[in-house]
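Okay, structure first, notes after.
When the chains are written out, they are named A, B, C and D in that same order, and each has its own residue count from 1.
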Amino acid sequence: MHRGAAEMDGWWRAVAGVFSSDRERSRAGGAALGFDLGRSYGDVEEMLREERLRPDGIDAVAIMTPNDTHYRFAVAALDAGLDVVGDKPVTHDFQEACDLVARTHRGGRIFAVAYGYSAYPMTRYARQLVRDGVLGTVRLVQVEYIQGGMATRVEEGPQNNRFRWVLDPRRSGLALVMSAIGCHAQHLASFTAGLAVARVAADVGALVPGRKLVDYVSALLEFDGGARGTFTVTQAAAGGENDIRLRIYGDKGVLDWWHREASYLRLALQGEPARIIGRGDAFLPPEIIALGRTPRGHPEGLREAFANIYAEVAQDRMARKLGEPVPDLLYPRIEEGAHTMAFIEACVASHASRGWVAVAAVATKPAQ
Amino acid sequence: MHRGAAEMDGWWRAVAGVFSSDRERSRAGGAALGFDLGRSYGDVEEMLREERLRPDGIDAVAIMTPNDTHYRFAVAALDAGLDVVGDKPVTHDFQEACDLVARTHRGGRIFAVAYGYSAYPMTRYARQLVRDGVLGTVRLVQVEYIQGGMATRVEEGPQNNRFRWVLDPRRSGLALVMSAIGCHAQHLASFTAGLAVARVAADVGALVPGRKLVDYVSALLEFDGGARGTFTVTQAAAGGENDIRLRIYGDKGVLDWWHREASYLRLALQGEPARIIGRGDAFLPPEIIALGRTPRGHPEGLREAFANIYAEVAQDRMARKLGEPVPDLLYPRIEEGAHTMAFIEACVASHASRGWVAVAAVATKPAQ
Amino acid sequence: MHRGAAEMDGWWRAVAGVFSSDRERSRAGGAALGFDLGRSYGDVEEMLREERLRPDGIDAVAIMTPNDTHYRFAVAALDAGLDVVGDKPVTHDFQEACDLVARTHRGGRIFAVAYGYSAYPMTRYARQLVRDGVLGTVRLVQVEYIQGGMATRVEEGPQNNRFRWVLDPRRSGLALVMSAIGCHAQHLASFTAGLAVARVAADVGALVPGRKLVDYVSALLEFDGGARGTFTVTQAAAGGENDIRLRIYGDKGVLDWWHREASYLRLALQGEPARIIGRGDAFLPPEIIALGRTPRGHPEGLREAFANIYAEVAQDRMARKLGEPVPDLLYPRIEEGAHTMAFIEACVASHASRGWVAVAAVATKPAQ
Amino acid sequence: MHRGAAEMDGWWRAVAGVFSSDRERSRAGGAALGFDLGRSYGDVEEMLREERLRPDGIDAVAIMTPNDTHYRFAVAALDAGLDVVGDKPVTHDFQEACDLVARTHRGGRIFAVAYGYSAYPMTRYARQLVRDGVLGTVRLVQVEYIQGGMATRVEEGPQNNRFRWVLDPRRSGLALVMSAIGCHAQHLASFTAGLAVARVAADVGALVPGRKLVDYVSALLEFDGGARGTFTVTQAAAGGENDIRLRIYGDKGVLDWWHREASYLRLALQGEPARIIGRGDAFLPPEIIALGRTPRGHPEGLREAFANIYAEVAQDRMARKLGEPVPDLLYPRIEEGAHTMAFIEACVASHASRGWVAVAAVATKPAQ
């Protein structure tokens, strides 16, 4: 998915990689995927060392490894002077995330986070409508992400080796469901509404009896500035599909976006008919139209959303290299990844204290 | 609405009434609505007294008055030996509601509550599917009711005299939005899932800045037996319509009902295609089909749902009168109204304490 | 249904009737429905004769009898100087319908046709938008009505006595599916688009092999003025529900109405976001809002649509009686019923000739 | 689009091409797209000649050129012993198409047609359900394709040079709307229902007054075996998006697929709840699941559908090369393209004669 997305528009080529934590499997895996054998490395350190010596060495690293390795590999890439596209959750905890923020700033690097849902044309347009004041002042944000993949005790059955780490609570993060999908839900809400979460009261646990992993989090939110929010994520909803839904209510109206109809955005202003806005509609601003690749009325998917992130990272790199003013690019940054880590920690703490907990601020304000 | 509902199937006739808190306006109002002048009374006491003297006096009282009068009129009606159909909220607080429960039992009377959303054919069928174990054990219940009617400060503008009491916090109840629509949302969730709310952590306040009335409540729920829940109601959602939506997740699948498509129910069992069940579908049990009055594929509304409640109250009366076994009728009872009052009190208390609060139990278990 | 609709707003009271073609069953049937025994008549002639003698005799007749009796009873009612609300199809053929048009005009009477789908608030608003030029010039009208009730050979099974006549081709009309639902589809298209059908090429037959009844008609249409159309109706669509859908395309945009979501109308203007307009929306003109009886967001049904027709007939009567100018009322007239008969005849003729056939014009132009 | 689709799964690499009818622009165009300068040819003849001389010469040709060049280039490619993926319409008329069928058979070549809508996982599954008898005997097929791109007289305005040929009736085919989208609609219907069209009565013309191009075709269909059909396509529907919709009715139920929700298929069997089947649902057969590339609940698009065609052509080639039995692959063949040409000719002839016209049979039966 990431490779296809990065290469879709011709901005990037995937030329080197580490494909397993096992040296031999990594080398073989790269070759199987069509990578040059000589650039299918045994481990990350080797890759960074060898690539630095090449005249055509890599410019950036995309980190799509188990969650407990994100921080380590990101530090290594940044220290090697490379730009990073990192998967979520960006780290194990908020402290590590702050460290990545600091390293990114110190090194003058780019650190993008693969929050793909915020890079759909219609979620980008939602953000723009909020920014432009079309909704008025935001009062309430509702976000949910409902899946059914862990509705049964998959952690006890025979498991796909490749994803076994997901079900290991020491490796997948502070709360499994947050690492897996909660990150996306919180980021989508904050990104589109342009608001960081300030305080939470959360119910964190498992819908499946006896489960040790966290498969359910529901939270009451207070955003910076006082807007309220609701947040519900679970992977234990039997019959659930992959439903991430966002609603933003301002004093003038409401925006409604549902992943199942990702190319459409519903805007209902008080006292006016609801409007259904479609990807590619002629009246959209050119920068929103440009986020799509097929004529209106043709479905597109998450692959294209990731491609938008990769394209923007490339444009940012190019502008910096040419010394040109960096354009206003909206790809998600490490600061936003760090805010998510603070949010997750606050949810866990709220559940422990059975009350409201403040979300730690990210030193460098996220570019929202 | 209530009159048309009560009379729809020929079970009831509205023959007497009090139509205003002003004696003269009440008499004139009854006549204007086609009531007999002699049975358009100046106040409730007069009505109860005079009707008792008539050989064809009234059998029951339907109370659709301002919220702060519900308890008083209900007591009067019960004391007069009449059955009651009462609007929600049934009283001002939980203590009054418990008193109504006790009086109803002592008098051997019927006390139905006008929770119309639970009397749609498809919400009744949802309850039946849950009862029959089609979803397995219930794990999560999500309910919300979103309206836009108070998105602006209507309380400050010129107000329709007739509903002015709604905006008076002393008259409309402990929390306006709960009195207006939150009652319905909580009851629908408890009725269909067959579960009382045990504990809540709630955010209770106003989305509209400076408003003194409560226009927003969102809560994390724990039901008896441990199932989780989420609850969000507001009348301050600009652009909102009248969206009450219910989802019940069990370990086998999920039920989804949305008022906007009230004649349909979505059932998605894990590993099977989602099913859309329509009012009047041939495979439905006869008691569900009987709750509709037109062939399948024809929209029906809340008027018909209320008519189902009135029809069941009549059938209950008739069975009791004939000394026949009382059939298994699902119209909402005063115990369910009392549970709602306990729920509202717990939400208010939770907001004050910023933590989780237990919901008081209703002495006589609601007939769920 | 009709009785509830007529009485809903207090304009009418059903006080007399004929309830069966059998004299004794008719008398008993009226009583069972709560009619006065003395006004439950043995046949139509008796009813008209006796009622004329009463000081409180009936003002109008609603004809909801088997199709082959419509013409006869309508003639009798008109000749008795009464107004008529007639079911569709208004007669057996176009010639009879023209005779009713002439008799109605001669007698200065009201003759309304129970085309309920055209009396929903949202189909009325569709007509208004077309009239107001919001769509520009109408280019194409698509209408379909798909049901599944005759997907199997119900005509061979044991039949409900009461509706046996429906399956008798001599009694149900020129083409069963047209009598049953095709009437509604054609009228809805003509009413909302404001266009009579000028020419048709039709496929008329049975989807169920071996069936003698017509259960399927699909036609290419040309309207007066040149707009094109498509028309498809069937009762033999296994899995079908009750789906009547209308789309009107003008040079500026398209209107889309679907009975399943009868309270909503979709308007998509070229180059603008699609708008979803809901019954009761605040921006609607007052005469459209007045066609609903509950607040926006509450489903209503066909019962309320019929009630709109009955209310308008009453208003028309009252205006005529008072000698006031007759308001602009949109209830369907006998001329529209006659146009439908011409359309049905043209479809049958087109199928026979395997080519295009002109639709006969109604002498007095329908009040569209 | 086609290049990305062909390369998506690694089966193909686009290595050579002709990119303009102008020799110099073609060479420059290839380079701009990242093609080897030496393999960016001045014309098709040159490409075929030069590539034949290379040890790594091309294996197949994808023809995405103006419609009036399809036949000529296809003949050249087949004569050069290459396999072909051709765009629709495959030729200018039925006779040319039959010639391509014959040449393909004589040369033992593969000739696939880019009917992408039939290669969505859910349209493939629709076909399979029909084949498996889930619907019973097919009685009625309804297909429509509604667009708004030609709702105004774009043919008179300044035109994008690249697509100018589309608006030239001599170059775009017998009927513009059929060449552009009608091909897809007819093929989708025939492919999924497994039925060729036998007879048509068609209305062929322009919705836009004064237009010389055909922008509207609506037809009554009779399929082989007697099933009925309706067919409506237009590009002149102001407010239209890109709505291709298919419904297949059998004696047991109905299948409904709509491009806007391409990942879902609705199956309603008589007497059972409607089922919504989603791409990737666990119960689907593995060959249907394999047509998707992301987990269920993630939108995919036409790009992926085209990729399915390219992947199957590659698998067919490989099987033939290895002398293995050719697997049962469903990519559309030249015979299906030829049937479409016969259908278009019949529609045009029907309009001229104002009656029903038989559709010419394709000598070698399409592999349906």
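The rule we apply is simple: a contact is a pair of C-beta atoms (placed from the backbone, for glycine too) under 8 Å apart; a residue touches a chain by one contact, two chains touch by 3 or more.
Given the structure is predicted, the values throughout are model-derived calculations rather than measurements.
Visitor: If you tally contacting C-beta pairs, which pair wins, A-D or A-C?
Guide: A-D
Visitor: Average the CA atoms of each chain to get its centre, and name the chain whose centre is farthest from that of chain A.
Guide: C
Visitor: Quick check: how many Å separate the C-alpha centres of chain A and chain B?
Guide: So the centroids are 42 Å from each other.
Visitor: Quick one: chain A and chain D, Cα centre-to-centre, how many Å?
Guide: Averaging C-alpha atoms per chain gives centres 37 Å apart.
Visitor: Just curious, how far off is chain C from chain A if you go by their C-alpha centres, in Å?
Guide: Comparing mean C-alpha positions, chain C is 55 Å from chain A.
Visitor: Among the residues of chain C, pick out those that touch two or more other chains and give their numbers.
Guide: Chain C, residues with two or more chain partners: 241, 267, 274, 278.
Visitor: Within the complex, which stretch of chain A touches chain D?
Guide: That would be residues 1, 4, 8, 10, 34, 147, 241-243, 259-263, 278, 293-304 of chain A.
Visitor: Which residues, counting only chain B, touch chain D once they are in their complex?
Guide: Contact set of chain B toward chain D: 267, 271-278, 281-283.
Visitor: Note which residues of chain D are touching chain C in the complex, please.
Guide: The contact residues of chain D facing chain C are 135-136, 139-140, 142, 148, 151-152, 201-203, 205, 207-208, 216, 218-220, 222, 228, 230, 232, 234, 236-241, 249-254, 267-270, 274, 354-356.
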